[in-house]
Amino acid sequence: MHATYTMLILTAVFSAPIVLYILRARAGKGEIYIRPIAGLSAIDEAVGRATEMGRPVLYSTGLSYLSIEGLCAVAILSHVARLAAKYDLRIIVPVNSYLLYPIAEEAVREAYADVGKLDLFKAEDVIFIPGQFPYAAGVVGIMHRERVAATFFFGYFAAESLILAEAGSQVGAIQVAGTPDILQIPFFITACDYTIIGEEFYAATAYLTHEPTMIGSLRGQDIGKMILATLTILLLVFGLLMAFAPKTFFSNWLLDLLLR
Amino acid sequence: MNGEAPSRMAWYDRLQKIDPRIIYLVVFVLVSIPFFVPIPVKMEVSPVVKKLYDKVEQIAEDNKRKKGPEKFVLLAMDWSPSVKAENQPQTAAMIEHLFRRGVRFAIMSHLLPEGPMMAERIAEHIAKKYNKRYGVDWVNFGFRQMRFADYMAFVRDMYAIISKDYRGTPIRDVPMMKNIRGLRDFALVFDVTGSGAYADWVYYAQPEAHFDIGVGVTAIIGPSIRPLIDAGQVVGMMEGLSGAAQYEQLLNIRGQASRGMGSQNLAHLWVIVALILGNIGYIASRRREKKLKKELK
Amino acid sequence: MRRNIIIILTFVGGLYYFLEFVLPGETGISKLIVEIGKVTLAIGACAFLLGVINLLRLHGTRVVLRRSGWHNSAALIVALFVMLIVHLVRYYSHAAEGDAVWRIYNLLWDNMRVPLDSTIFSLLAFYIVSAAYRSFRIKSGEAAVMMAAAVVVMLGQIPTGQEVTLWLKGYENDPGLWWLSRIRVDTIREWLMQYWNGAAQRGIIFGAAIGGLAMSLRIWLSLERGSFFDRQ
């Protein structure tokens, strides 16, 4: 399958604001505001609490593989690992994907190195557990045995999300979860203290680093969404016109254009 | 639960704080009852299940009337033993339908090696009923891990990706494969999964090969398929155990799904009762608080 | 230098698929796709080995050094090799069903692996009930609407729930009261799932797709900044 003209134009229309705002942000033009995201702000609180209790934290990437969700999860892991390293806190990272595993291990190692505590890094704390429910069973076991004080669930989760979240709740850990998969959100909201929903997960990298490039990209995404919403409303209006006046040239015009 | 002696708790507080062990015990008992006392079920078939059924019927009819080259069905078995309770009955119902109507099919998975193994056992079991033979009436490609752009290669040249079948036989030596030039000879891909594996078929393979896609998913995934059905990207769906039970009803068989619906029936009712009990307690405690506040004023 | 090589390779890799998509018709670029697909499959297979090596490294170290929980690690390694050997022997010896190796395989797979996996999944049934009971409280009007919708959806998918309003189906052909047949619990469920839920899911898909597009652009153009990617 190759792109139609409409696909090309739409790709350009959605990509242009993203690239444009990234370039603007890099040039330092204009300040872009990101509203506070409670779940991400809570990461510091959670790590702080774990430090006071002297118990480790657990960071689960769920079933994420080498995909956008997985890479976002690793970016957030990097931030959490840096915080943990700063407070001499142990961070346990069970990873389900063999593709993501070396990246996650490297991220944690780099985080410890950044704060000058590479000697505290333990490679065996980044654990590879394949399989969906073996992963769930393994992580639940780790939570209970290590008595983790804080758990972070970031990435792609499926049915095991509730098992993980309930187990964390049973050990009394403070829990922060974030996943772009809307189906698991109800389970995380039920069992976790803070939940990051949908696109807030993608915004997390920008939010945590306050990197202008990332914030610019976020702004570009919002513009793209507004364009999409406008297009949807226009199509709805034309759709209604087509339903009531099917032979009108005007009402067929937009749909013909989009289907070309 | 908070260390408070139960006798001191008001009835509305007790309703809100039922010990989870009691909840688990009731679930266990209710789910177990239909194992010993079969509960017959008759369900209304939902339109999405009917559409899937009709699609298979249409393929069978087209093949029977020789409307063009023979069309096949690809069973993408992207499920693992953990979701066996929902996905196995869906697989069994579809295989039963395909065997019954003489539609030949291939089994594979791009996500999990266990799926083709379990589907093979189901196929072998049902094949005895219809005198079907492996290699002639169905073939198993086994597990081929694919992601994203691999689908483009798979669609354009299936034989470049599949060289042997599940049993190690060179694929071109399998009798059924003589009639299959490529993935475009498959009219329907039926993806059974407990995760988001259907997305790869919908977004990467279907635009290339233009086959129809049907899905058998766990109930939790079902809601996310609805927009795809609306857009015509997915032709029909078996949603959870009830979807499989509805499909069995269309086939006039009482299979695993129909037998399991008894347990699901009772468990759902218990969830509703628990919700009602908790909320009765909550509303009563709110009223009590308001009353106390008024009295204090 | 390493960073520049990574940037160039990432860009070229992404550029290939982008050009293949946008250029019309079958070009020279399109002809390579099957071969590149085989390469990515092979890389995926090699990467699979990484996981096994990691498992052996991690758990082997634990066994050798007798760290806490070493017996669990030993059990894992034994299970890994037993399953691997039995499967390889079964496959390459072309054993017939009923042979010893088949019986051992069935014991390990049907009687151990499958029930273990299913058991963990079955925990969900209990957890869902307790989590729903614990958290669903009608604290506001929206919560009440959500609760009503949840009850209707649950009732609509079980036989008992459908039985409650099945009698309304009799009005299907009634000229005046045909609309009663539409307000059965299963039809309301379908309506809620297909239209209300479908619209919400579609909105989420749109947003996630744009988020994914942005992330893809950032990775392709190596614009992704963050504590981790900055160092790659």
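Per-chain residue numbering starts at 1, and chain names A, B and C are given in the order in which the chains are listed.
The working rule: a contact is a pair of C-beta atoms (placed from the backbone, for glycine too) under 8 Å apart; a residue touches a chain by one contact, two chains touch by 3 or more.
Nothing here was measured: the structure is a model prediction, and the numbers come from that model.
**Student:** Report which interface contains more C-beta contacts, comparing B-C against A-B.
**Tutor:** B-C
**Student:** Of all the chains shown, whose C-alpha centre falls nearest the centre of every protein C-alpha atom combined?
**Tutor:** C
**Student:** Need the CA-centroid distance for the pair subunit A / subunit C, whole Å please.
**Tutor:** 16
**Student:** For subunit B and subunit C, what's the span in angstrom between their mean Cα positions?
**Tutor:** 13
**Student:** Subunit A to subunit B: how many Å between their CA centres?
**Tutor:** 28
**Student:** Among the residues of subunit B, which ones contact at least 2 other chains?
**Tutor:** 80, 82-83, 147, 223-224
**Student:** What positions in subunit A touch 2 or more of the other chains?
**Tutor:** Within subunit A, the residues that touch at least two other chains are 1, 131, 133, 159, 182.
**Student:** Return the residues of subunit C touching two or more other chains; collapse runs of consecutive numbers into ranges.
**Tutor:** Where subunit C meets two or more other chains at a single residue, that happens at 20, 44, 48, 117, 120-121, 128, 130, 132, 134, 201.
**Student:** Could you pull out which subunit B residues touch subunit A in their complex?
**Tutor:** Contact set of subunit B toward subunit A: 80, 82-83, 147, 194-196, 207-208, 218, 220-221, 223-224.
**Student:** Under the touch definition given earlier, write down the residues of subunit A that touch subunit C in their complex.
**Tutor:** 1-3, 8, 14-15, 18-19, 22, 68, 71-72, 74-75, 77-79, 82, 98-99, 101-102, 106-107, 110-111, 114, 124, 127-128, 130-131, 133-134, 136-137, 145, 159-160, 162-163, 166, 180, 182, 187, 189-191, 198-199, 202-203, 205, 208-209, 211, 213-214, 217-218, 220-221, 224-225, 228
**Student:** So in the complex, which bits of subunit C are touching subunit A?
**Tutor:** Within the complex, subunit C touches subunit A at residues 20-25, 44, 47-48, 50-52, 54-55, 58, 61-62, 69, 117, 120-121, 123-124, 127-128, 130-132, 134-135, 200-201, 204, 206-208, 210-219, 221, 223-229, 231.
**Student:** If we count contacts the way the header does, which residues on subunit B are in touch with subunit C in the complex?
**Tutor:** Touch residues, subunit B against subunit C: 18, 20, 23-24, 27-28, 31, 41-44, 46-47, 80-85, 117, 144-147, 149-150, 152-154, 156-157, 160-161, 168, 219, 222-224, 226-227, 229-230, 239-240, 242, 261, 264-265, 267-272, 274-275, 277-279, 282-283.
**Student:** In the complex of these two chains, what residues of subunit A are touching subunit B?
**Tutor:** That would be residues 1, 63, 65, 131-133, 156, 158-159, 181-183 of subunit A.
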